[in-house]
Amino acid sequence: MTRKQWNLENILPHVATHLPLAALFGMEIVAADPRHSRVRLVGNEHIRRPGGSIAGPVLFAMADVATYALTLALRHEETAVTSSLLMNFLRPAFAPPLIAEAVPLRAGKSLLTYDIRIWSEADGPDRLIAQATATWVAAPGTAWS
Amino acid sequence: MTRKQWNLENILPHVATHLPLAALFGMEIVAADPRHSRVRLVGNEHIRRPGGSIAGPVLFAMADVATYALTLALRHEETAVTSSLLMNFLRPAFAPPLIAEAVPLRAGKSLLTYDIRIWSEADGPDRLIAQATATWVAAPGTAWS
Amino acid sequence: MTRKQWNLENILPHVATHLPLAALFGMEIVAADPRHSRVRLVGNEHIRRPGGSIAGPVLFAMADVATYALTLALRHEETAVTSSLLMNFLRPAFAPPLIAEAVPLRAGKSLLTYDIRIWSEADGPDRLIAQATATWVAAPGTAWS
Amino acid sequence: MTRKQWNLENILPHVATHLPLAALFGMEIVAADPRHSRVRLVGNEHIRRPGGSIAGPVLFAMADVATYALTLALRHEETAVTSSLLMNFLRPAFAPPLIAEAVPLRAGKSLLTYDIRIWSEADGPDRLIAQATATWVAAPGTAWS
């Protein structure tokens, strides 16, 4: 029996099922391969604070969805979990669409460490809204290779 | 003109207006004074992943609401913002109600640093689900004293 | 063959051999059991900046030594390594002796997560100089149980 | 009276005076301008653990020196301090010289947030030893502009 191959086509329905906040907040995954993943937030009425800025937990959810997709693309397993995430909030975000891009800093046997950057499509990645690093860990007993 | 006094009674409607995710995820603030704040998550259909565990961004939102309430209680200002938050995910959370408690590590002139711990009411704080540290910064021009 | 038992008596020479910075900076381990560890910094000419404050990397080294001792006390293994450490610098430190205390937030099968707090003996733990969280990971192939 | 201009030429003696650990551990600053700074560690007998790997606090000290130099290059002030630093340890480091490079993620009015990456000269930046993010804050009363 062959192991399931993960690419964008089958990551999309998997995320739709397992991360319902992605749909709740109006996100879509636009890229996912072993080198990077990218999430686009169009947004809706749930994501804004009065005054119009996008709430911190929504940015956190973008990083969560992006690293989940990247983990599937890298390790072909559904059994990893986030062990920590640090987010630096650099500027308020007023204008979606927003882009979150995750890249691996190291993909090791038991730990995966990612860098995540969030910017607005209008301003581009030279004017970051947030940056994060996250660590994912294989569930006990998982065999990564 | 006297400065607005913040206590639990007027923090509650303020958070309801400014942090709509609190209601979306089914949270309530149950304590807020300069020494600590406490948020209780009863939860609803938005907060779970398939399998039943509570999504990471929901835990992040609990920390966000708790530190927002604590900042109001400490500084009587609405102009501070989160500059960074690190969350350590220690155990999966299956059984709400959950409690998030925030306490100040230091309340300085320009920075406020908090420790936040999340546990389930059933298990209590000796069996943590998540722990976080967060830094809030006064908006430029704000005079804390 | 019985597994080596780690207690303060045999942790001390082990740290002296494996963490030479402990001696270089003038630290001693004063407690190490599965519930907590404590490091005391008397200090010497290497640890100060001009003006007299103790350098950030010295505080980081205190957290490193304290979590190393706690990992030995908890897991009886020399094969774990630090995977991440976040330190919040809360106040300048001018007056050694300083104390660093580490406690486990969670001691899991593959990850150990610690809270570390640093204060001066003169002021006590209600006036923190720094706080950190650190994650240690078992080396691949290690069997913790 | 004109404000002191900071460039590599006068940052070097300043760091030598204010960060004595740079010399203790065998580091030199090889670049410092508003876009990046770079520190090179040749190393000496203080920096190694038995077995030969370079101690975590030494990597932390490299990040400290690099961000200090970058802060001087960006803000022409000696009054900023580190408020937090998260370091992810990605691989053991056995072979100096090591390079630490710091770049600004955001240089704001009261906060400076940096990304720092450490690699060995032999392997290059595609094989990172450590990555960190650090936040520096202006001392109260400082006027950055």
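Here the chain labels run A, B, C and D in written order, and each chain numbers its own residues starting at 1.
We adopt the following convention: contacts are C-beta pairs under 8 Å (C-beta built on N, C-alpha and C of every residue); 3 or more make two chains touch, one makes a residue touch a chain.
Treat the numbers as computed from the prediction; the structure is a model and nothing was measured.
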{"item": "Touching both subunit A and subunit B (chains)", "value": "C, D"}
{"item": "From subunit C, the most remote chain by mean C-alpha position", "value": "A"}
{"item": "Interchain centroid distance [CA atoms averaged], subunit B/subunit D, Å", "value": "33"}
{"item": "Length of the line joining the C-alpha centres of subunit A and subunit D, rounded to whole Å", "value": "29"}
{"item": "Two or more partner chains touched - positions in subunit B", "value": "83-84, 86, 88, 113, 135"}
{"item": "Of all residues in subunit A, those that touch subunit C in their complex", "value": "83-84, 86, 109-111, 113, 135, 137-138, 140"}
{"item": "Touch list for subunit D against partner subunit A, complex", "value": "86, 88, 90-91, 105-106, 108, 113, 115, 128, 131, 133, 135"}
{"item": "Parts of subunit C lying in touch with subunit D, wherever the complex brings them together", "value": "17-21, 24, 46, 48-50, 55-58, 60-61, 64, 81-89, 92"}
